[in-house]
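What follows is chain A paired twice: with chain B in the first complex and chain C in the second.
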Partner chain A sequence: MDSFMQYFMINPVFYIFAGIAVLLAIAMLTMDNPVYSAIFMVLTFFCISVIYITLEAEFIAAIQVLVYTGAIMVLFLFVIMLLNLGRESDLVERSGPMKYISILLAFGILLQIGFAAKVTFGIGEKGMYPIEQVRLVGNTETIASLLFSQYVYPFEIASVLLLLGMVGAIIISKKKQE
Partner chain B sequence: MEIFYPYIFMGILLVTWLTSVPVMVLVERKVSGWLQYRVGPTRVGPWGLLQPIADALKFLSKEDVVPHHVNKWLYIFAPALMVFPAFFVIGVIPVGILTLGGKEILVQIGHTNIGILYVLAVSSLVVYSITFSAWASNNKYSLLGGLRSAAQMMSYELPMGLSILGTIMLVGSLRLEDIVNFQMNSAWGIVWQPLGALIFIVTAFAETNRLPFDLAEAEAELVGGYHTEYSSMKFAMFFLGEYCNMLTASVMITLLFLGGWNVPFVQGMNLEPLTQQVIQIAGLALKVVFLMFFFVWVRWTLPRFRYDQLMNFGWKTLIPLALANVVITAIVMAIVS
Partner chain C sequence: MVPISHYLILTAILFTLGVIGVLTRRNAIIVFMCIELMLNSVNLSMVVFARFLDSMDGQIAVFLIMTVAAAEVAVGLALIVAIYRKKESINIDEMHIMQG
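Let's look at the complex of A and B:
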């Protein structure tokens, strides 16, 4: 417990918001009403953006709120609200023993991920962009210069893929009208 | 002492934002009156100056009805959600520079290098209040109004973000204070980016749900839109949020395109630094007051859009124009440098 307190004192904001995020994520999974689930997901995203800020990644934090919280989750809510979901009680899944087996499996996978993380992520050597340098140049500037130099091809390919998705959505919605 | 400045500024800015609401209610009613050849409110206090207090008392003393068919928790939560982003957004807005104790201090609560992105991100959360209030009310008109409004706000967020991009490219920084300094050293943003300024102002109207973009309420067709089922103070909360957002939008327009706290010729007058800085802050306030008047002026000048016109205007006119503005700015910058 001592070591946990030590870590906590170094960065209390991270531990508080990480804890809240985990609780909200659990609440999101256990809610019967999908609208409530969506609300808890929004709040989880918000907590995650606070964690980004404690990591001095303000740009990512702003984009997280702007894109995920401000746009994508609103669309999720739209779909949930407009689909006629019927009574709340009909939505609850009751499927006997499968439920308990899946809980066991989920815990197994969680342990595996935790173990893998413990083995992989130690404090190693510093990479090319340590926090001191990012602070010197600025968070947004570092991301921008990397995106448009070293990672310009992946960046462009990702944007073309998104464009394809958009064109596809328009074609599908046009077809139905005819 | 210096570590207390953010808290002092926080207090001052919060009080400013809150007191602007009753003032704005009065201005809205008076200016609406003048524009329609009426006198506006005159009965409460001299020239109707105490009208906002009477309005507030009316809201407070009304019965607070929670209809039995609503989703209770969300119904109560939604109006609060309208006010939260309206105040949260003040966190990074600079309103001037003051020389205190021999040091130049920026009047701003939190210093962050994402300035304007923070404002965009937080103000995009307003859409939740409208969606939740619409859905929780369990009423057709509310749901239609809420969906319309949410679609409108998401569509107009895109051109809003794009219209600022030109200014950000010119300045090379997302910090609002850098943008103002850039305008101080050259010309106002509206000279550099006339098209960007126009698009930003139009989208600011849409984002604050003001006429001609108030399809969320549209009394004639939707009763009251998303706030049909709300009464008393919960109803007032929506207006509190709306007026605060209007003030924020006016401040943002001033900072980005009207030179912020830059007052022409005041730097050449050799005044005491503090006097000059107070004049500059007053200049910012004056510009914001003009823009608030402009909001009311437009309200009674332009008719409301039809929904398809609104969507076509947003997606087929504003977004291409904003994109063209970004490309033209980039080309000109490349040629000049």
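Let's look at the complex of A and C:
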């Protein structure tokens, strides 16, 4: 417990926002009204973006806020309001033993993740971008120079995928012509 | 510096909460949000490993995963809208057209 307090003093921001993120995630999946769930989802993702900043990944943090709290939340809220789901909050939820069995299964997955992380802990070659060097150039510039040189094909494929997603979403949600 | 294990414990907890949501909820939109939470926890673990292994590849992968997630959300919500038009419900237990 002493060492935990020691770490807490080093980086209180991480521990505070980690705790808030977990609480908000629990709130997200226990809410009956999907609108509240969407708001809690966005707050959780905002906390995760703060944790990205403690990891000195500023570009990813900015993208997280833009994409998740900007675009994705608006999409979710649009669909919830489009379908007028507020009145459907009395949707029958899973109950009885199956619910507790599935929660147990989820904890089994938690144990598995913990075991996998413990076995592979600290294995791996060191990369070429130590944090001091990245700090000199800047996080965004380092990502950009990699993205437009070594990773240019994945980047292009991602753009094609976005176009496909857009076309697919329009076609799927279009009303059938009578 | 906070040890890597604390970050990984956080990502594991967030992933497990996502799994619990997917397994216990019936509202398709909330199930979808929980899948997003799982994606985000994996993104976080990628950035953590990239930071602790002095690498930049993890952050590039997270950038690409976010692109895929955005496309996935657009298509998934369109699917939910289409299913709602057909069945007047988004209860995932009623979505068994494909069952034999």
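Some points to look at:
By our rule, the second predicted complex is superposed on the first by the 156 of 178 C-alpha atoms of A that agree within 3 Å, B and C clash if a C-alpha of one lies under 4 Å from a C-alpha of the other, contacts with A are read in each partner's own complex, and residues count from 1 in each chain.
Note that in this section a residue touches a chain if its C-beta (ideal position, glycine included) is under 8 Å from a C-beta of that chain, and two chains touch if they have at least 3 such contacts.
Being a predicted model, the structure only gives us computed values, none of them experimental.
Of the two partner chains placed by the overlay, only chain C lies in contact with A:Ser37; chain B stays clear of it. When the two complexes are overlaid on their common chain A, residue A:Met9 makes contact with neither chain B nor chain C.
More residues of chain A lie in touch with C than with the remaining chain of the pair chain B and chain C. Within the superposed three-chain model, A:Leu77 lies in touch with chain B and out of touch with chain C [touch as defined at top].
Of the two partner chains placed by superposition, only chain B is touched by A:Thr140; chain C is not.
Using the contact criterion defined above for the overlaid structures, shared-chain residue A:Phe59 touches chain B and also reaches chain C.
Judged by the touch definition given at the top, the superposed model places A:Ala18 against chain C, while chain B stays out of reach. Using the contact criterion defined above for the overlaid structures, shared-chain residue A:Thr69 touches chain B, although it does not reach chain C. Counting contacts by the rule stated earlier, residues 59, 63, 71, 75, 82, 139 of chain A appear in both its interface with chain B and its interface with chain C. Residues 1-8, 10, 12-21, 23-27, 29-30, 32-34, 36-37, 40, 43-44, 47-51, 53-57, 59-60, 62-64, 66-75, 77-82, 84-85, 89-91 of chain C touch chain A in their complex. Those residues of chain B whose C-beta lies close enough to touch chain A in the complex are 74, 112-114, 117-118, 120-122, 124-125, 127-128, 131-132, 135, 143, 147, 150, 154, 157, 174. Across the complex, chain A meets chain B through its residues 35, 39, 42, 58-59, 61-63, 65-66, 69-71, 74-75, 77-78, 81-82, 138-140.
Contact residues on chain A toward chain C in their complex (touch as defined above): 7, 10-11, 14-15, 18, 21-22, 25-26, 28-29, 31, 34, 37-38, 41, 44-45, 48, 51-52, 54-57, 59-60, 63-64, 67-68, 71-72, 75-76, 79-80, 82-83, 85, 88, 91-94, 99, 102-103, 105-107, 109-110, 113-114, 117, 121-122, 124-131, 134, 139, 142-143, 146-147, 151, 154-155, 158-159, 161-162, 164-166, 168-170, 172-173, 175.
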